[in-house]
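One structure is given here, and the rest of the page talks about it.
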Amino acid sequence: MDPKDILEKYKNGEIDLTEALEHFPDRGIEEMGFATIDTDRQRRTGLPEIIYASGKTVEQVKLIAERMHQKGIDVLATRVTFEMAEAVKTVIPGAEYNEMAKTIAYKKSNEVNSKGYIAVVAAGTSDMPVAEEAAVTARFLGNQVETIYDVGVAGIHRLFNKLEIIRNARVIIVVAGMEGALSSVVGGLVDKPVIGVPTSIGYGANFQGLAALLAMLNSCASGISVVNIDNGFGAACQASLINKL
Amino acid sequence: MDPKDILEKYKNGEIDLTEALEHFPDRGIEEMGFATIDTDRQRRTGLPEIIYASGKTVEQVKLIAERMHQKGIDVLATRVTFEMAEAVKTVIPGAEYNEMAKTIAYKKSNEVNSKGYIAVVAAGTSDMPVAEEAAVTARFLGNQVETIYDVGVAGIHRLFNKLEIIRNARVIIVVAGMEGALSSVVGGLVDKPVIGVPTSIGYGANFQGLAALLAMLNSCASGISVVNIDNGFGAACQASLINKL
Amino acid sequence: MDPKDILEKYKNGEIDLTEALEHFPDRGIEEMGFATIDTDRQRRTGLPEIIYASGKTVEQVKLIAERMHQKGIDVLATRVTFEMAEAVKTVIPGAEYNEMAKTIAYKKSNEVNSKGYIAVVAAGTSDMPVAEEAAVTARFLGNQVETIYDVGVAGIHRLFNKLEIIRNARVIIVVAGMEGALSSVVGGLVDKPVIGVPTSIGYGANFQGLAALLAMLNSCASGISVVNIDNGFGAACQASLINKL
Amino acid sequence: MDPKDILEKYKNGEIDLTEALEHFPDRGIEEMGFATIDTDRQRRTGLPEIIYASGKTVEQVKLIAERMHQKGIDVLATRVTFEMAEAVKTVIPGAEYNEMAKTIAYKKSNEVNSKGYIAVVAAGTSDMPVAEEAAVTARFLGNQVETIYDVGVAGIHRLFNKLEIIRNARVIIVVAGMEGALSSVVGGLVDKPVIGVPTSIGYGANFQGLAALLAMLNSCASGISVVNIDNGFGAACQASLINKL
Amino acid sequence: MDPKDILEKYKNGEIDLTEALEHFPDRGIEEMGFATIDTDRQRRTGLPEIIYASGKTVEQVKLIAERMHQKGIDVLATRVTFEMAEAVKTVIPGAEYNEMAKTIAYKKSNEVNSKGYIAVVAAGTSDMPVAEEAAVTARFLGNQVETIYDVGVAGIHRLFNKLEIIRNARVIIVVAGMEGALSSVVGGLVDKPVIGVPTSIGYGANFQGLAALLAMLNSCASGISVVNIDNGFGAACQASLINKL
Amino acid sequence: MDPKDILEKYKNGEIDLTEALEHFPDRGIEEMGFATIDTDRQRRTGLPEIIYASGKTVEQVKLIAERMHQKGIDVLATRVTFEMAEAVKTVIPGAEYNEMAKTIAYKKSNEVNSKGYIAVVAAGTSDMPVAEEAAVTARFLGNQVETIYDVGVAGIHRLFNKLEIIRNARVIIVVAGMEGALSSVVGGLVDKPVIGVPTSIGYGANFQGLAALLAMLNSCASGISVVNIDNGFGAACQASLINKL
Amino acid sequence: MDPKDILEKYKNGEIDLTEALEHFPDRGIEEMGFATIDTDRQRRTGLPEIIYASGKTVEQVKLIAERMHQKGIDVLATRVTFEMAEAVKTVIPGAEYNEMAKTIAYKKSNEVNSKGYIAVVAAGTSDMPVAEEAAVTARFLGNQVETIYDVGVAGIHRLFNKLEIIRNARVIIVVAGMEGALSSVVGGLVDKPVIGVPTSIGYGANFQGLAALLAMLNSCASGISVVNIDNGFGAACQASLINKL
Amino acid sequence: MDPKDILEKYKNGEIDLTEALEHFPDRGIEEMGFATIDTDRQRRTGLPEIIYASGKTVEQVKLIAERMHQKGIDVLATRVTFEMAEAVKTVIPGAEYNEMAKTIAYKKSNEVNSKGYIAVVAAGTSDMPVAEEAAVTARFLGNQVETIYDVGVAGIHRLFNKLEIIRNARVIIVVAGMEGALSSVVGGLVDKPVIGVPTSIGYGANFQGLAALLAMLNSCASGISVVNIDNGFGAACQASLINKL
């Protein structure tokens, strides 16, 4: 059916909206059989299609990265293994692997297009891989980023010492495992949105991050929202949307 | 000790930061024995002290509201029963009770001081008490609010029909129970931050909102963060902080 | 914008699909402010819009039922209280309340339009409210229904005694609480699709139906799928779609 | 006891049904000591005995496959390792190993004996192993299958683009991890039974597929039932029973 | 079909076992529409059909009790409310209600037909309703019972003081809430089977008996098995089967 | 058997320790049939027998209290209802009911026999019932107590303001619901043992205190231990043992 | 103190029972520093000390086995690795390793000292390791054992075929994973105590055996008790105690 | 800003406490980029900064240990792998690795500065790694320690045999897995504070220590508090603070 016919039929009530939708030509789609790349995502959601490598084969990650690169789309893959990174580099020579963040990225330009900066605050050294995933992602999305690490509440003067840099951010990402108390303390001291990222750091009754997740969801400080355990990537995405308002 | 002495001793290393802190005169505190009102919160965090009535006695809610009112602070209490609302009205005659949102509020001025508006989108009619808590709170905090109700994914054309008003918001609060899928669908269609509020609407394997909570935390759309189950209040707080950037 | 313009712009790439969608006139929607009735659902999904009364006020249930009735749509509401049923009857005098199933229904015609029948098999007498919700719903959707109650595996000869009627159904709904073993036993004896409905009947480590739910999801018999705990309604919906193939 | 005596005694009330059962000669059983093959299953349930390899030794899988093959029964084993597949091939040379689906199969004839086709829809590339297990199983059971991959709700236009092929199926299997929202969206757009397969793809508060499982069980779309996490096999079994009605 | 024909056809392979089963005349079944009484249970399993009243209506409990009574079967119902008990007494005047155990029973003879006695040991006074359900049931099943209450491990000399009577039992039921430690301690001191009954006594991280249930399942003493939380009835059933060996 | 014989037989290996134990005369036990009072507990554990009223009948609570009083033992009952308190007063006229703490107590002397004081610190006003249970219990056990309420981390300057009184305690009980962060913050600022009491204050993903419990168990501050949710009583018992060292 | 003094002091009330206990000479104890062997266990509980190897080092397992062997105690260790078994054989040459059951055993005599036999019934081939642990243990404890494997409820005629051998046992151990329905079905067909052993066989919403555990705890058949997941050992211990009554 | 200005502005209300805090010079902090060592912790909390090695890289552990050593701080790292220990020894030659406890430590002096001793009591040999972590930590903190291992309640006479040494301690750490009953039994026999450490020893429904954790939290003995699963370190920290009172 030709687009005009679709519309005509829809107008006359011969077909409904979902039938109409079926016949629309596809745009913003790059078909690969095992993958359907959403090439329109950046324009629509302010965030580009990004490759979540976990659960994919090395070959699949390489092929998707290659196709995106060929289409002129900037490439970021998260949760990549060293082997995946090596494979991607064979097709995108300039791609950069960040071993701690487990990311590989290629970007045509490193221009920053945000107003202020995003602060990434981590409670402990062990939370760094998640914090780095957030920092790498936020920079990839064109934000300026400041990182403040190992300032957990067991020694709260360490946090006070960095309070100025935290308060001057436009958005704050707080990364913490164990009991996740840092997000509440930060939330009670700043007047900017705080995004909590619980991490799976801890053991026993931590239940792989459940303790920190529940703590952050129940924060007594009011301006805090939360993303999935270890999801530095997701926190950076939302922080970037906020930072660009 | 006089403040200068504190500082002197701190400088000389005679006392440490926490010892110094103990001796600082208290400011921003209103002592009531059973409650310690944080009168400095608005200035410090951009959000005023708000009364969470659940678990408090009717008498306590009334006394806290009265004291805040006497100090010239705008009053909002959430999770208030009808009985609590009646008690508050005896001391703050102009306070307004919202039966669906379970809030009571008194504000000196209803002036809006935000740039755009916050959209509150709810999946079903049963989610309205939570959505209304969010809307009441956001308005109390000086934001313009638009509400869009009963547009869950079982009939997705209802959502498309309201897409323009959603897309034009600066921040979007998505309130949904059951499987909470609405937040992912909205998140994939807009370029603004989305805050998901899972509700406890549902039964059986919903586990009082756990299903929607987990769904929202695992959203495949990237720019979404989440607050506690039924926490319309918290979502509004963060949305307000974002809206005022 | 006029529909033709929308299409033109979409064709030229000036707008994308979601932008196009925003401008489509709404059809299949009945706006009520607190509710957005999906009047197109029957045509689109083979199942009409049905009112889930839980979490709604008596007034809301009454108004939605009334509006649907005015539009000529058959009305079924589930999880209705006696008070809600009374309210609905004031606006739809012929509506029938089923106290055990907690449903209220009004249908213009009771014509059956399915090929065979759906068997609803319940393990115990205590499971009857859920089984009846399934039976009422399936009949409302135009199916013939046979009910077989109290044939749990503790006395398996009771089941064998009814095996013929079960085997001759086109679809079988098995409703069981406690350990939910009935679905596996039935599934191993018939060559028709079995839909398991775990119920919250039981106590202690039953955890409100979790035991039966997990049991049914892990059935060693292969042709079984499962719906939510106590969701007789949902089982009937799927059974009806199957029965009409 | 001779069968006639059993019956006589049963008739006279000397023995009860279960005692009678003990003395019935066994048929439809192939004894192997560590395994008791149900050779009657196909005739009784419409689904043949299929080998679930997980938890069995390589030797056991090989011996069961061999015995079934000797008896002229078509062989399908799921969750097989590469090593198991190699062992089976030594006794059934024509058996085919599917590395992604982790299945090995041998079928005398590939004849299709179903009316329409089953659609297998997967949300992401990482869900493919489960989707392929479903597709392989459905084809083994004599069904025509269409696969549609990577059409998750984060880019919902990808789904609309394939809506026609989905709507024309007789049964639809929706495979999705993370928040599992795809099943609700599909369920709201089609008038055929939808079987949801939650996958364990995701991390953190996904809890190995729990998030998607709960989401699918709580779907606001009505005609959906669910199988166990990652259970592509079970979904295909039920889909096949439905497709052959 | 006449029984002989069934057998003939089964022998010739014309029908299979399950088809044969369908045609067998029913015996050991008392049909009531909403209930299917298993009148053969006592003979088959050594335990009579017993009415689990929870989830049934007052009317249903009364009718089932009445029918069993008419058939000459001894009647025991558990989890009965006062109202149910009153209703049963109208049809079985001699029935005895035990308010603490929440049981109603009528037995033609109180003859004891077991060799030794069953000891019911409860950790605290608050565990008595469950312990009494066990004691009442065990006596109903013809066992001699000794009860020992409030001997929890916080004062272990209380247990030692009663050790002789515990050691001389043939089976021991240990009823305990909170941390359920009593079963391990008893299990380490006796050479008879111990059946643990976790109770829902406790609060907070007791999670309605989960703490005691898990503790008993993980007992470091070896000869212990466990029944459902608060299931005094089930423990008595198994104890009775053991006691009659 | 006479004690000397017991010993003789034990020495000669004729009986073992547990058999010997059975024959020991009971001391430190007050038998009441439904209760076995441990009159030796104070001497043995430093803590008297205390009545946990939940799950007991009003009559049982009254009788146990009366018997203890008759034996000259100080009486404390926790989790008492108003009705229970009234009943106890009929037999112990001087007993004092604390409505917020839900305790009733009678003590011959209010003498304090501890060195320093126990600080009870509560995060919010809603946590007061639990904090008061702790305070009442600690005072009953002969300790001096200081209470500091509503100093949660959302306004951390409220805590600093009271730091001196907290630091000077010998033991600190921290009572907090929601995310329970207060215990970590206090733990990082003092050099005394901290006992955390999570409360069930909160909603949604608080799961009746689970969030605070897990947070406190995973505290990044090292000198913290935890008692059950809402267990102010238990915290006071341990604090008292510590305070008397 | 000399035993007589202990007794004298106890009699005079100078010391209490626990103080008396401290001074009793130790008997039935074999001290090894890292282990304290309970050499009296067989006599006291009817079950010997058995080595649970998991969590111990290879060296520890070897040394404990050796010491028990030297003391003339029969040796059984469960959950042993191949490496542990090899180490034990170096010190107990005649010890027998059972690879499937993961046990190593040495017994002076294989004499059977029980009246009837224990039936070990397993639902699937994958459940065999647990079933074999039960069988090996039961035989080690002097029982005759019959094993019946792969008779799960998906093909219930396989069970009927073996019903006679199951019914003639004195105790029945039912081992089943997935939904664990076999225990209910067996429980409804026999008049002997049934001990259910849930196994961790299954995946997804099986949650490592939780599904089968909950199912067995909630069995609608009354004479069933349950042991820990995969605890074939514990089931055999209780079965042995029962079998020896 | 100069400290005096800060104070002046604070006094005049120009800045608030948190702003004041930002400008205070940092003391008690050793910055390393990826780590912020709290050099003031010993003085402030009575416990030094200790390295939790899990989740850190080998290089990070080495660098932090080295820096602390250079600053003259005693070094203890827990959860260290063999590889980490080797790396630390290259920079602190005298450091001692404890393979069972998984700790590495360097202390200038081994002087004991506590009054009495801490007893570490473990239920089984498999609990030793956790018990040793506690013992090593307690000694590092300057306490005398006595260890009593393998005295679980399955053979309670083993415990009585060591009761004197346990009773004479000033604080008791009870380490137990499985059902964790030992803490209740010990708690009922001593008049000193007991700290329970649940371990992850066990399987199936132990859920990695959850069973023991819940049991200890619900102990019927009153003077018990609990730390995280396997957290020998934390128990020792609190025990040390108590022991130094």
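Just so it is clear, A, B, C, D, E, F, G and H label the chains in written order, and each chain counts residues from 1 on its own.
Operating definition for what follows: contacts are C-beta pairs under 8 Å (C-beta built on N, C-alpha and C of every residue); 3 or more make two chains touch, one makes a residue touch a chain.
Just so it is clear, the model here is predicted, and its values are computed rather than measured.
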{"item": "Other chains in touch with both chain D and chain E", "value": "C, G"}
{"item": "Co-neighbours of chain H and chain B - touch as defined", "value": "A, F"}
{"item": "Intercentroid distance (Cα basis), chain C paired with chain A, Å", "value": "38"}
{"item": "Where chain B and chain F are represented by their mean Cα positions, the distance between them in whole Å", "value": "36"}
{"item": "Centre-to-centre distance between chain H and chain C (centres being mean Cα positions), rounded to whole Å", "value": "55"}
{"item": "Where chain G touches two or more other chains, by residue", "value": "16-18, 24, 27-28, 40, 44, 124, 154-155, 157, 160, 187-189, 202, 204-206, 210, 213, 217-219, 221-222, 228-229"}
{"item": "Chain D to chain A touching residues, read off their complex", "value": "124-128, 149-151, 154-155, 157-158, 160-161, 163-164, 167, 177, 189, 201-206"}
{"item": "Chain F-facing residues of chain B, complex", "value": "18, 21-24, 26-29, 32-36, 38, 40-41, 49, 52, 54-56, 60, 64, 198, 200, 208-210, 213, 228-231"}
{"item": "Interfacial residue positions of chain E with respect to chain H in the complex", "value": "123-124, 152-156, 178-181, 184-185, 187-189, 202, 204-207, 210-212, 214-222"}
{"item": "Of chain A, residues touching chain B in the complex", "value": "16-18, 44-47, 50, 157, 160, 170, 187-195, 213, 217-219, 221-229, 233-235, 237-238, 240-242, 245"}
